[in-house]
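One chain, subunit A, links the two complexes that follow: it is found with subunit B in the first and with subunit C in the second.
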Partner chain A sequence: MGAAPASRDVTSYGMGLAAPLALFFLLFFVAPLLQLLWLSLHNDTAGLQWGLGQYLHFLTDPFSLGVLGSTLLLGAEVTAVCLVLGFPIAWLYQRVGPKLQTIIILIVLLPLLTSVVVRTFAWIVILGRQGIINATLQSLGIIDTPLKLLYTQFGVVIALAQVQMPLMTLPLITALGRIDPNLDDASCSLGAGSWRTFFRIVLPLSLPGIIAGCTLTYAAAITAFITQSLVGGGQMLFMPMYLYQQASTLQNWPFAAAISIIFLLAVLAVVSVFTTLGRMSRGYGGA
Partner chain B sequence: MADAPSGRSLVVDAVTHRYPSGALAVENINLDIKGGEIIALLGPSGCGKTTLLRIIAGFIAQTQGRIIIGDDIVDALPPNKRAVGIVFQNYALFPHLSISENVAYGLAARGIDKAARQREVQRLLELVQLPTMAERLPRQLSGGQQQRVALARALAIKPSILLLDEPFAALDKNLRLDMQIEVKRLQRVSGITTLIVTHDQEEALSMADRVAVLSHGKLEQFGSPSDVYDRPQTLFVNTFVGSTNRMPGVVVSADRTAAKVRLDAGAEIIARPAGGALSEGGRVTVCIRPEHLQFVGDETGFAGVVGMSLPLGATVVHEVTTADGSGVKVSQARIGETRALENGAAVRLAPLAPSLANAFPATL
Partner chain C sequence: MIMNRRSLLTTALTLGAMKAFPGLSYAQARPLVFATFTGSWEEAHKAVLVPAFRKANADAAIVLDPMLSVDQIAKVNAAKANPPIDVMLHDPGPALVAVGQDLVEPYPVEKSAYYKDLIAEAQEPMGPAPFFQVVGLTYNPEAVKTPPTSWADLWKPEFKGRVGITNLNSTLGTGWLVEIAKMRGGSEVNVDPGFKALEELKPNLAAVAANPGALATLFQQGQIDISPGNFNAIQILKARGVPVEFVAPKEGAIAFKTTIHIVKNSPNRELAFKLIEAALTPEVQTTLMNPPYLIVPTNSKVTMGGEIARVLAKDTAELKKKFVFQDWKKINEQRSAWIERFNREIKI
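What follows is the complex of A and B.
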């Protein structure tokens, strides 16, 4: 809000300092993006003939649209799982002593501290036909034939949810920590039970955290190339792998470029839906 | 809604609370509060006022003792079943809800239908003189206005007990006075049993029917404002409530109602044994308030030399150094011609009456 003259000084001062980063972005982000756009506007693989053919092809091809749809759906599912599991963790974090808080933070951060590849292979070990889950269920006599967990949508969602969990939990912890604990008490003393307090007070006030968490989780989940491909196997195709195949295997660079641009726009659309929702809800804007 | 909710009685029965960290915040407190009374809980920071309030509201389960509201022991009831209204020190208004939604919150929780809710909200906002602010958000209100909304919100559920935790601490002096009068007026109209936590002694004395003075988790005294101010039972109460001169001395002779004390400042005076019986020869601290000291012409009082004189509007405060080197403050009303006292003038001082000098056994 109202920028004081002093803070304007600070921003102009900061601009100069930001120059190296700006240059970096210009060179390694904006320039390649423009090149990608330029490439996608060619109808032939050689890149000689201008046109919107690649986009037309993607948007009229049921297979391509299917891949886009299942990728966006995957993101939604992972985000939902992270939200449902992450919220109670964040809520718990704000209500336990400092020792337990440290343990919770450590558990939440652990996925970030291990390599993606190691983490993903661990999931293959857990979810596989002879994996931990199937072995346990079989030895308990609950199932006769192993369940198919690996190379399924379910497996991918679970593995991604674990990886992206910190991106959801950390903003939620921050948001919940900002809520004045007296509000809980006030609500309760006014006769509201825990559910009413949760839905009328805690949930709306943690909305900024929910939106930040969902945006981060969503963006990370749909672009998680390694986990998607390893846990999903060859059986499920999502946008990053599709893109990779077109570019690397089929050498169809203009089409791959068009896929990237469309994917980028789709992600931007979803993210802006999140932020608009947030801005529409009260208690978000202002100071 | 013509019928005013009648306040119920509140009994705090031998309540002790020890926090898990080991801090003994409240120690064996007994309060017997009649329906419709205004009580002030007065004490310095950290003496356990908020803890006691939160125990009564049900946010903390006390380690020992009982809370009885009306005829019911409420210890097993959660806060939302106790019908206790509470105004928090920082108001704790719901920042994302409008003023009318804040006030209506408790009514909605009680399942009251929308039309009745709106009527009641309007009535309450008129009661606290904010009828035009219904659609604003809390952050668009001033501190005093937020305070009124918090009050209206607490009153909406027609509580049998109203608890206010340092409700005026954040307000400037004039606004504080307005709000004190306002709360007292509302309390008179509604007849709700009210407990106000404060560390401001003037607030306690001016607003409350009875004042409970706490220190280090213990109840020092529970009585009317004049009891607490004029007949303090402990040295702590005498020094914490109002200002006082502490003069050390030795008991010459004593019975139940009067004690002759030889002050170190060099005079024998008659004082009231305020904290129980005194033994002859024992050391005592005699407390005399500045306005209860007078200049005397004869040889009765103790001698001193006038230092600084501070004119404070309606009164003048003189600082006098006594024979034993300690300082004493004397406050004189400025009615007509008050005797002008020069710096360095030799004077003699004596208490206005024996009942106005309180003698407490000296603590080492």
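What follows is the complex of A and C.
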């Protein structure tokens, strides 16, 4: 046993404690990912012939690119809805008494306590032809024939926004909680109106929370296989369903692997845009 | 031998791992694993087939591991030499894939006591068909007053925005498209007329469901009033009080063989054979034909009764007349191209 160094650098930490997790990741995440990459670099379904054919097929096919584009767009729409609806809730949370805070946090967390499948089926009941929305609108005499809500892009966005809402609200609550309430008062006493205070003080300071929330919501929304296929139906094709179709129904694993790699890179690109924005916001907040 | 702390730890970890992942130690007997389908299939097999098998085989150990056909194939493919499944259950498309990939053993026909009693269409040497699945027209009798009689009724203007179909991921969706193509002069190798017909169906289409199960829920929600549907699935919905009726169209109901196979290199070959034999017996098939299961039998010694006799066929002769079987070998050749085409063309 060697003696501990006399003067240990207190600003550095040993990596030993992270080793078990690192090993776990290496075995169950990095290794399968490499296998996926290896598989995607084959031109035939048996995986014998090397080549970039699968990638070429995807990237030169307008239909496949369309699926990728609509999936990324879907994520953006869901994220925007979550942000617009989630921000006021988080803002309210910081300004009410402890009792109401408990209620708000319960409401925010409640969706997380039921399974995604159950929540999605609830949305089928709500959006259906004889569902809650159509029945209400019809009984109020606003519409004559039921609106088509289920199996539309609108339906998918609304259902996904509800399902993923906690992922946006929770980081926002944390971020808004870190802002010193005196800053609001200071801004007001210096003559700024409520909107000016909001845009110049609250919004910039809550940017880290917004970025974190957007990243989580976005990643969850575009990969939500269950909600996408149940509310979107069989003719609305998004990347997870496209992947499933190729891998499972058609047993075309190399193409499915290439789709996953491309999807992964596209998502990484979007997430890195968010992170860059986050880094910029840190400079902004400190200025 | 010197025992130091490190080697002791290694040994302990290894032993621990063996305990935690028993699959690491290969040479051990495991119970017979039967990969049935999920849902009503699993219920029926757990309640009827498994007890019958255990009674005939001195309470032999058996495990049901329900999963989709494609998952069964993937699992067996990943460990061909030591498959984790002994008996597979397949729809016609995946069955041909499994046979083509050399994953199943020929059924020991000469040893079988029941194989010869199966109706001719169910006698498959690579794995017999103990059950049929039947696809016909499903409708909501509260909204559709005159029962439909033909596939062509789906195109009637009165069903504008009321028709549901599934995409081609499912056996039902693909089989139905082939049937529509045949109705308009096409065949298993030429589904162009089917796609043309789909194009004309668009004004009537209310939904393209991702799978047959999702289609069923659309009846419950009043989203659709008429669709192609699976006889069994409809009976289950009906039993739960959903207003649905099944009718065999005059062109013939589409029959899919559900085949059962012994997996190649199975360590439980003999028991696997016994399980399949049990599935072919008239006793098991009769029980499964009665409510609540209503599974169409394939053993010609079974006397048709109940709802099946009323809606489908009174005996094997009538069954042969009313059922349409499709050539899935030809369908499989082009299925991926059709799925691609469906993806592109069917947008509502």
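Points to keep in mind about this one:
Criterion: the second predicted complex is superposed on the first by the 267 of 287 C-alpha atoms of A that agree within 3 Å, B and C clash if a C-alpha of one lies under 4 Å from a C-alpha of the other, contacts with A are read in each partner's own complex, and residues count from 1 in each chain.
Note that contacts are C-beta pairs under 8 Å (C-beta built on N, C-alpha and C of every residue); 3 or more make two chains touch, one makes a residue touch a chain.
Only a predicted model underlies this, so the values are computations on that prediction, with no experimental measurement involved.
Clash-free side-by-side placement of subunit B and subunit C is the outcome of superposition onto subunit A. In the overlay built on the shared chain, the residue A:A192 is in contact with subunit B alone; subunit C does not reach it. Geometry note, superposition on chain A: angle between subunit B and subunit C about the Cα centre of subunit A is 150 degrees, to the nearest 10. Residue contacts after overlaying the shared chain place A:L26 against neither subunit B nor subunit C. In the overlay built on the shared chain, the residue A:I201 is in contact with subunit B alone; subunit C does not reach it. By the touch criterion stated above, A:R129 is placed in contact with subunit C alone, subunit B being left untouched.
When the shared chain is aligned, subunit B comes close enough to touch A:L183, but subunit C does not. By the touch criterion stated above, A:L52 is placed in contact with neither subunit B nor subunit C. Closest approach of subunit B to subunit C, taken over C-alpha atoms in the A-based superposition, is 49 Å. When the two complexes are superposed on chain A, none of the residues of subunit A touches both subunit B and subunit C. Subunit B contributes residues 54, 57-59, 78-86, 88, 90, 92-97, 105-106, 109-110, 137, 139, 153-154, 156-157 to its touches with subunit A in the complex.
Interface residues of subunit C facing subunit A in the complex, by the touch rule stated above, are 68, 70-71, 73, 97, 166-169, 206-211, 214, 217-218, 221-223, 335-336, 339, 343-344, 346-348. The touching residues of subunit A, when paired with subunit B in their complex, are 180, 182-183, 185-193, 196, 200-201, 204-205, 281-283, 286-287.
Per the touch definition, subunit A reaches subunit C in the complex via residues 63, 121, 124-125, 128-131, 148, 150-151, 229-230, 232-235, 237, 241-242, 245, 248-252.
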